[in-house]
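Paired with chain B in one complex and with chain C in the other, chain A is shared by the two complexes that follow.
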Partner chain A sequence: MDTPKRILVACGTAIATSTVVAKGIEEILKERGIQVITRQCKASEVRSLAGDADLIVTTTPVPSDLGVPVIQTLAFLTGIGKEEVIEQIISELQK
Partner chain B sequence: MEVFLTTLKAVIDNLGATVVLPIIIFFVALIMGAKPGKAFRAGVTIGIAFIGINLVIGLMWGTLSGVAQAMVTNWKITRDVVDVGWPSAAAIAFGTDVGLWVIPIAIIVNLVLLVLKVTKTLNIDIWNYWHFAFLGSMVYMVSQNLTYGLVAAAIAAALALFLGDWTAKAVQDFYKLPGISIPHLTTAPGVPFAIFTNWLIDRIPGVKNWKVDPDTIQKRFGVFGEPVILGLVIGLILGAMGYYNAEQAAVKILQTGMNLAAVMLLLPRMVQILMEGLIPVSEAAREFMKKRASDREIYIGLDSAILIGHPAAISSSLVLVPIIILLSIILPGNRVLLFADLAIIPFVVALFAPLMKGNIFRMIVAGILELGAGFYIATNMAPLFTAAAQNAGFAMPEGASQITSIGDGFLWPQFVFTKLVDALGVIGLVVVAALLVVAWIFYLKSPAKWEEAAGAPAKK
Partner chain C sequence: MSKIIAELLQPSCVLLNRTYENSEEIIQAVGAELYKAGFVKETFAQAAIEREKNLPTGLPLAGGLNAAIPHTEIEHVIKPALGLVTLTKEVNFQNMVSPSESVPVRMVFVLALEQPKAQIEMLQEIASVLQNPELVKRLLEATTFEKAIEELRQ
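And now, the complex of A and B:
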């Protein structure tokens, strides 16, 4: 079995919106049989934690020079365009 | 009916928030259309979060109360109002008698104002309904009248929508977030401070051209963005000030440092559990409200957490942390011992940015004004804040320190509401509601002008 991919989920507090995103990703990817480990962090911590992640999903702007793919999205919060973002996440993970 | 209500209240009071809130959340989620299994798990999770938050608050409070007492003895400084942080404030707010009803109330207020075309914002950010509950709880505590508290919470929900609408264009333009508004009562109350600061600085020759570079700040002040290290360092400093002359001083100082570092990591984790429990409710509420909202242009109201990653918000907050720690020491009459909410400052400054075009120097000045005033508001309001915590069932030992938090204990809306109700009773609520209605009428008459004042780009 593959090792689970690591997704770093960032928002302003590492509490509110990132919990919604992290739980959303876990739930849907589990349904599709993809194992991931999510970790939540604050936007100001992204730089120091990015090295351990395969993908960063964020609800707030983060630096773009981290060397890890970044997806910035509000879809998990608003419900609009959620499907597309999930496809995008899956395709990034399969690279 | 009367007997039924009295019995119900007695039962609720006996069970406490850790039992009652799960039951209420279960039913709210069911009514909104969540599946029973999910609704049940949501309720239980929220109860667990309350127990967890209570444990961490106990650790923090025990540690900080001891230090605060020792400081009075050693240094004759009274800093006996402990900043327990917004995560605690949110848990307290949801746990009071007002908090139990705030979700349905705020949803009804929002839907009514949408249908009447007064607001454009659909506030799907259920989590942040705690601000309305907080405001309502303070009014409840000061008036001892639950109805007043519930009405105050409803007015607060409307106030958030108003502030969200008013600042929406500025947010959408500056942060590049089309269709979004931020009806968030930690962030939006800062706008008047930003308007005033701009007005003031534009009148000072030389200073009006000052700017600060965000990158240098993030490099030099980066440590102030790491809560655990910040907690450890503050703990060690406070410990040293409190216990340098105590028996086994070194042990006590090191323990204080580690305890406070632990709080900084554990408190947010506990609140994550609360958030996790609320997800099924907020998703169900989102669909419930969307179905009933008309299909004209609406803004989706979200948490200001989505703004906080912006370099202007991060940088100005990093500088503000040491400044307000200094203020907490030198301001005469202040009794607040800052701690857990040093991490919330980006929320306070986030809506300064559009008005100030991301000028960090100006954001810092506005932050100093808002938070400086906040020390006095918080010191004044601490007894009510502490009473609200007791009402929510958090263990507050008699005779120890009082509590507050920057979000929202430092901010003006709860202060204005509470003082008016305290002075005028029900008339106070009428005055608040009337002020809001008047502001709203003026805004709807010339929206473009108001939005420009809040930092939206001028229409050509």
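And now, the complex of A and C:
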């Protein structure tokens, strides 16, 4: 079995929006048979934690020079563009 | 169905059909009620206002009636609660993912969160309210706490 991919989920305080996003990603990817490990963090912690992640999904701006693909999205909160974002996440994980 | 939201919303912290000039006034008003009701510390409102400046919470929604979800660090919270404000006139918040953009908002959920994982169901319920333009519209039409709760429970 492949090693699960690691997704770092960032928001402002790491308590509210990233919780919804992390749970949303886990549930949807599980349905698609993709195992992932999510970790929540504050936007200010992203730089120090980016090295351990395969992908960063964030609801607040983060630096762009982290060396890890970043997806900025509100789709897990607002529902707008959710399908596209899920496809984008899956395609990044498959790279 | 938004059972947990309905339970966590405090009657005194649900301010319907109000008019405010800016986001600070809204957070201040709800923060004062949450403090009076014993759910947050006196520092909550100011902390949430400061956080909103640096890490805004405006969310453009599908129906065009937008929302914001101000909140702050858990150290300012005593026990979990929710406040809700509906606005007769749009108030600008900045976009969470793109802070240079303004989002004219009609509905504000103020979140008093005590710890992350325990509140996952409540947070998911809020997301599902935000994703339901019909429900957002009905909440904006509600003029009493009872009516707002009834809409959330349906």
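Just so it is clear, the second predicted complex is superposed on the first by the 95 of 95 C-alpha atoms of A that agree within 3 Å, B and C clash if a C-alpha of one lies under 4 Å from a C-alpha of the other, contacts with A are read in each partner's own complex, and residues count from 1 in each chain.
One rule holds for everything that comes next: a residue touches a chain if its C-beta (ideal position, glycine included) is under 8 Å from a C-beta of that chain, and two chains touch if they have at least 3 such contacts.
Only a predicted model underlies this, so the values are computations on that prediction, with no experimental measurement involved.
Shared-chain residue A:Gln88: touches no atom of chain B or chain C. Contact with both chain B and chain C is seen for A:Gly79 once the two complexes are overlaid on the shared chain.
By the document's definition of touching, of the two partners only chain B reaches A:Val62; chain C does not. Of the two partner chains placed around the shared chain by superposition, chain B is the only one that A:Glu45 touches, whereas chain C remains out of contact.
Using the contact criterion defined above for the overlaid structures, shared-chain residue A:Val20 touches chain B and also reaches chain C. In the superposition on chain A, A:Ala10 makes contact with chain B only, not with chain C.
Shared interface residues of chain A (contacting chain B in one complex, chain C in the other): 11-17, 19-20, 23, 40, 43, 58-61, 74, 77-80. For chain A in complex with chain C, the touching residues are 11-17, 19-20, 23-24, 40, 43, 58-61, 72-74, 76-80. Within the complex formed with chain B, the residues of chain A that make contact are 10-20, 23, 40, 42-46, 58-62, 74, 77-80.
Looking at the complex, you find that chain B touches chain A at residues 87, 124-125, 127-128, 175, 177, 180, 222, 225-226, 268, 271-272, 275-276, 279, 282-283, 286-287, 290, 300, 302-311, 314, 318, 343, 346-347. Residues of chain C touching chain A in their complex: 51, 54-55, 57, 59-62, 69, 71-74, 96-99, 111, 113, 115-117, 119-120, 123-124, 126-127, 130-131.
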